[in-house]
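Before we start, here is the structure in question, set down as structure tokens.
Labels for the chains are A, B, C and D, by order of writing; each one numbers its residues from 1.
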Amino acid sequence: MSDTLNVTPLKASSTAKKGEFLRLGTIEHLDVTKMPGIVQLVDGMKNMAFSARDLARAADIYDRMLRDTECGVILTLAGSLNSAGLKKIFVDMIRNNMVDAIVSTGANIVDQDFFEALGFKHYIAEDRLKSGLFDGELRDCALDRIYDTLIDEEELRICDETTQKIFNELELRPHSSRELVHALGKYLDENGGPKCADSIVYEAYKRDIPIFCPAFSDCSAGFGLVAHYVSRGETRMSWDGGKDFYEITQLKIKNPTTGLLMIGGGVPKNFTQDIVVCAEVLGHDAPMHKYAIQVTVADVRDGALSSSTLKEASSWGKVDVVWEQMVFSEATLALPLIAGYGYHKGGWKNRTAKHWNKVFEDATVGAA
Amino acid sequence: MSDTLNVTPLKASSTAKKGEFLRLGTIEHLDVTKMPGIVQLVDGMKNMAFSARDLARAADIYDRMLRDTECGVILTLAGSLNSAGLKKIFVDMIRNNMVDAIVSTGANIVDQDFFEALGFKHYIAEDRLKSGLFDGELRDCALDRIYDTLIDEEELRICDETTQKIFNELELRPHSSRELVHALGKYLDENGGPKCADSIVYEAYKRDIPIFCPAFSDCSAGFGLVAHYVSRGETRMSWDGGKDFYEITQLKIKNPTTGLLMIGGGVPKNFTQDIVVCAEVLGHDAPMHKYAIQVTVADVRDGALSSSTLKEASSWGKVDVVWEQMVFSEATLALPLIAGYGYHKGGWKNRTAKHWNKVFEDATVGAA
Amino acid sequence: MSDTLNVTPLKASSTAKKGEFLRLGTIEHLDVTKMPGIVQLVDGMKNMAFSARDLARAADIYDRMLRDTECGVILTLAGSLNSAGLKKIFVDMIRNNMVDAIVSTGANIVDQDFFEALGFKHYIAEDRLKSGLFDGELRDCALDRIYDTLIDEEELRICDETTQKIFNELELRPHSSRELVHALGKYLDENGGPKCADSIVYEAYKRDIPIFCPAFSDCSAGFGLVAHYVSRGETRMSWDGGKDFYEITQLKIKNPTTGLLMIGGGVPKNFTQDIVVCAEVLGHDAPMHKYAIQVTVADVRDGALSSSTLKEASSWGKVDVVWEQMVFSEATLALPLIAGYGYHKGGWKNRTAKHWNKVFEDATVGAA
Amino acid sequence: MSDTLNVTPLKASSTAKKGEFLRLGTIEHLDVTKMPGIVQLVDGMKNMAFSARDLARAADIYDRMLRDTECGVILTLAGSLNSAGLKKIFVDMIRNNMVDAIVSTGANIVDQDFFEALGFKHYIAEDRLKSGLFDGELRDCALDRIYDTLIDEEELRICDETTQKIFNELELRPHSSRELVHALGKYLDENGGPKCADSIVYEAYKRDIPIFCPAFSDCSAGFGLVAHYVSRGETRMSWDGGKDFYEITQLKIKNPTTGLLMIGGGVPKNFTQDIVVCAEVLGHDAPMHKYAIQVTVADVRDGALSSSTLKEASSWGKVDVVWEQMVFSEATLALPLIAGYGYHKGGWKNRTAKHWNKVFEDATVGAA
């Protein structure tokens, strides 16, 4: 076994068609900081019905969270958000002190954000590709499809391989995903910064904002991890998923007032809600999350956690019910309005950065 | 910090009402092995339209998977399935050699199956509780709600604590979630077996069927892990999430023909699909999953992985398109028909148990 | 303008491919009367969670409706149900005295049931056709697509034309849709009966079961109506939609205890729920619908009537809340279980046929 | 039988609580004409993914429709849109020549728009009322609930009764729903105009824009119709639903280029799509609808018409596929963006009003 990944997809035989598939150009990220009209639109929705009213209330709760200077704001990300053009919104939230920690699927952070920071792009797929009937042809071109978006698998393999190289340089001990994502940010910083205008991993690194990926092996970095394990055998670092839960719970203990802005559900939602219970289990009297917003299209009737209401979470002692709001919408429509509202209302201007990564700098597991 | 968890929920002050809330009795698990009529029903759906036809095709694909003796069958679980009464179906699949590995959310395995194996139950909630308006009262009674189902949080804390005790006894090294779930099974075996008729964790332990939980800290065992970490400091075991991905990929490499039966999406779906790519990345020419079925109500239009079609997965080189079928249904309606069909058609009778846990017994990471 | 429809679709130029598209054969209707195992399956779902429990309760409510001999059972149909293979279930309900009136979209009754009674069939479409990418080719073959099902447009035009011929023979006065559907049944009866094994229109005609289509012009018969109007000018019959509402309200007034089995939502759902209010508006103290079941996948969060809960209907005074149940499922999965349960439990065996069409035989509008 | 409706709901015994339920105030309608920032937001969504990109394309297609001066724009409405605060958007479309005909559920036109024109309002419901657990109390207060919105049933009865009075004055012949809605507009005009700032029925009346309600008896006016029938017996007017289909088809024949903006699905969607086929059936070579947009959350997998894709409609010869776009969103979020974009781009400024109601002024049925 060689020390590196096999970065050339075995099936990528037909590069001729590739250009044709990619001809519609790249995904461009929305910049809500230039759209002050969002405030008027959202305010107009306050006395409507259905999703409009819910969205207006969610935007108001986000603004309240930002004005509550005690409150630590945790953003959770699930679904293909960064590949969909929402990345700059998250970066602007980081830059403007509108978020204190991020809990995400690995894909949003590594396969999409770090991937773009390495200089790669996501591409607009033609409408007909959504049918799935051309996925064999895409496979031949080493193009991966996310519904209506394409990724160049050859570029993704370079992303995988880069994570392996970074992991190869780390201390030979268990690391939380927060530490591993931090290492990705450090890599960008030491290699000339991101090769794109905006990077979540890089901006969070510079501003000491922790990013947790509680299912970290389920992404591009998972390939890097496995390749590292295979090449190094027992003399290796590891991803310690239990440490993720330990660390984020410490944040809750140190900063009891918290608010959640959840995009999609999945593991990030549940994992973040659970830190209240975990703090209690460790003997701390942590209050429930004071604010909670979730944007989702998941249907509550399937009983899954992604769709479970924030009220339901209150039965578990996770989320308080005074300031909670679910918004039934696909994220690309709702998030620009909620985040744009929070930005242009300016409630964040009086916040002090929490620099939560610094909490862990001298921390020793077990010191609590 | 004491060595053990704080197992009494701080808020559980009102036990008087508890009995009233639990008066509708317990969730009972469906036994499809006694329902041969399912075959006729499913066969009758083959020439209908919409979900009925899709379900009949999915059931047929499952039967084909079982008849293909080369094929390793991997079951993925997301959503609250065991608390919903589907547990015995999974146990019967294990007992009858209808599944070779399981990839699941932690909740299904620890909070629900292992929890019942410790002698606890899930309860039927009254219809009005679905509204969320009584979640404050439930909280006062230390009752957790999953849509229309209740869990006694005091019992769940005992489950949390039991996992801590088990982790406290393990070797001080990184463990895959497979090893940790195996330890739960061993615990049951050494303590008189499960205190309920059917347990996935126990049956899988007895039959060498690996169970992976790729987001293992996101469940009851996560609390056990954190409590272990806090009490033991640096002299502790850890959950090594990267090892999960390494191990399951080894299964794909050793048994190239695979089929997936996916209930819900989430991390289990993506993680399991990715092992094809991981094998390739490690230099092995692993074929795509030959068979794939997914039961879900997730809407493809949100672009998330839970809802992404199996055709889309083929663009990533994960799933072959000849024998794939998605079924649009909540799992409690579709799974009894698919699994019951597979059982009563008897295709599994000619299968040899793969005992995949034995693959890892002498395995050293990096030996591949 | 000639007296008849232009029955040859203008675009149907390519009949060569037609056979190829139709090669997968015809939709076959499920016969639940031969599947007694359904009872055991549904009973097993009673103590599960989510849709399974809801479905079991819905089936129980249907059985209760049938055992309540005072109760008039009204079936409402929306969605492409008969083209999907559910037709025989409805016919068996008629034959076994399990339904007293039907309120439906026109398509289910005319384009699908009457169409098959004329000797035509629905066809199974290949999976790839669902993508929509071949709809241009289908158009060239005069094949109409309903998701995964095909209809021969040339045959559908004959259905349109047949309705025109029937309308041409009617009295020159306003007719309710009930009278018009009755005329279709009479036509079948006078022309040798249906050319298929089972016909809703025919069986309902023979058993005096009224069928209302409150948006009757929105179906194949709408073309027949317009062609009749165009060819006859002012000397013509008409479809009097107000008379529909008048007539069905009379049924509620004469038989105050009613139960609803609603498949899908749409106009049939709302129209039927409204008869309670209409009776009250006319000065009668009609009770709310005593039993109500709805099978639907519509999402309550869009605020539309199709998805509105049966509890919401109680605020309007339409549906009582003691025996109501919504089931979140696509109809082809849920209806066979609900109807099969009702059939095999045999509660209908003590019912006396209501022959509601006879209520109108001597009725004069305004006589109430 | 008296000549008028029983306008006092029998169950409305508890008016004391009514004020409490209505304390959150009234639904207010969004005014997108004052929000030019919508253009920038929608333009920024063009190169994103998922619903954002789809919405941007839909908005662009609407703009193209308006710039195509040959094109007759038909708006279809299903779902509770006017009660949700979208009414002013539709009125602004009428005032600014952005729509030529409307096909709607009766509820949007009569129960909601005409209702408000009579001086009544819709009310914001508290969040807890969505649970359905207070619907009995609402019933006691004669308050009707639409998800998160309340209507005063006593006011709605006045609306019902007003339609009866209007119908009592009409010529004793069959009327299309277009004629009946026109009569409602005329009533408003002759009685001092609407008692609210904006009325669809009134503005459409003043500008000769036809409004069709193809299931007209399924709304407040249905009660008026039945009361008229009961009080007048055979000497009465009637709603002739077949004439609706005849009339709207005449529009297609006279103005072959058409575009559809569909909000929700239901009967309005299907009915309007069908006019292409109806024109052909009558021997005219009408082109398919050239442009088509649909905003819906309905799931395509249930096979119902509401959710069927616009590509599927092309197999039926109804909708061309070059300029079609579905948007997966609840209407209150998507419509303001689409309509606001169309308004502020100003494509409508070069359109000439079509005054389609004038087509019917001298028309005699059968004259085609």
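Convention: a contact is a pair of C-beta atoms (placed from the backbone, for glycine too) under 8 Å apart; a residue touches a chain by one contact, two chains touch by 3 or more.
Source: prediction; values computed, not measured.
Chains making contact with subunit C as well as with subunit D: A, B.
Compared on C-beta pairs in contact, A-C and B-C come out with B-C as the pair having more. Look at where the CA atoms of subunit B average out and do the same for subunit C: the two points lie 40 Å apart. The geometric centre of subunit A is 25 Å away from that of subunit B, both derived from CA atoms. The mean-CA centres of subunit A and subunit C are about 47 angstrom from one another, to the nearest whole unit.
Shared interface positions of subunit A, defined as residues touching 2 or more other chains, are 49-51, 80, 84, 132-133, 146-149, 297, 299, 301-303, 328, 330-331.
Subunit D makes touch with subunit B in their complex at residues 49-51, 128, 131-133, 299, 301-303, 328. For subunit B in complex with subunit C, the residues that touch the partner chain are 25-31, 34-38, 40-41, 44-45, 47-53, 55, 80, 83-86, 122, 124, 146-149, 297, 328-334, 336. Those residues of subunit D whose C-beta lies close enough to touch subunit C in the complex are 1-2, 5-7, 9-11, 78-80, 84, 107, 131-133, 135-136, 138-139, 143-149, 153, 157, 160, 174, 214-218, 222-223, 225-234, 236, 238-246, 249, 264, 266-267, 270-271, 274, 277-278, 280-283, 285, 297-306, 308-309, 311-312, 314-317, 321, 330-331, 364-368.
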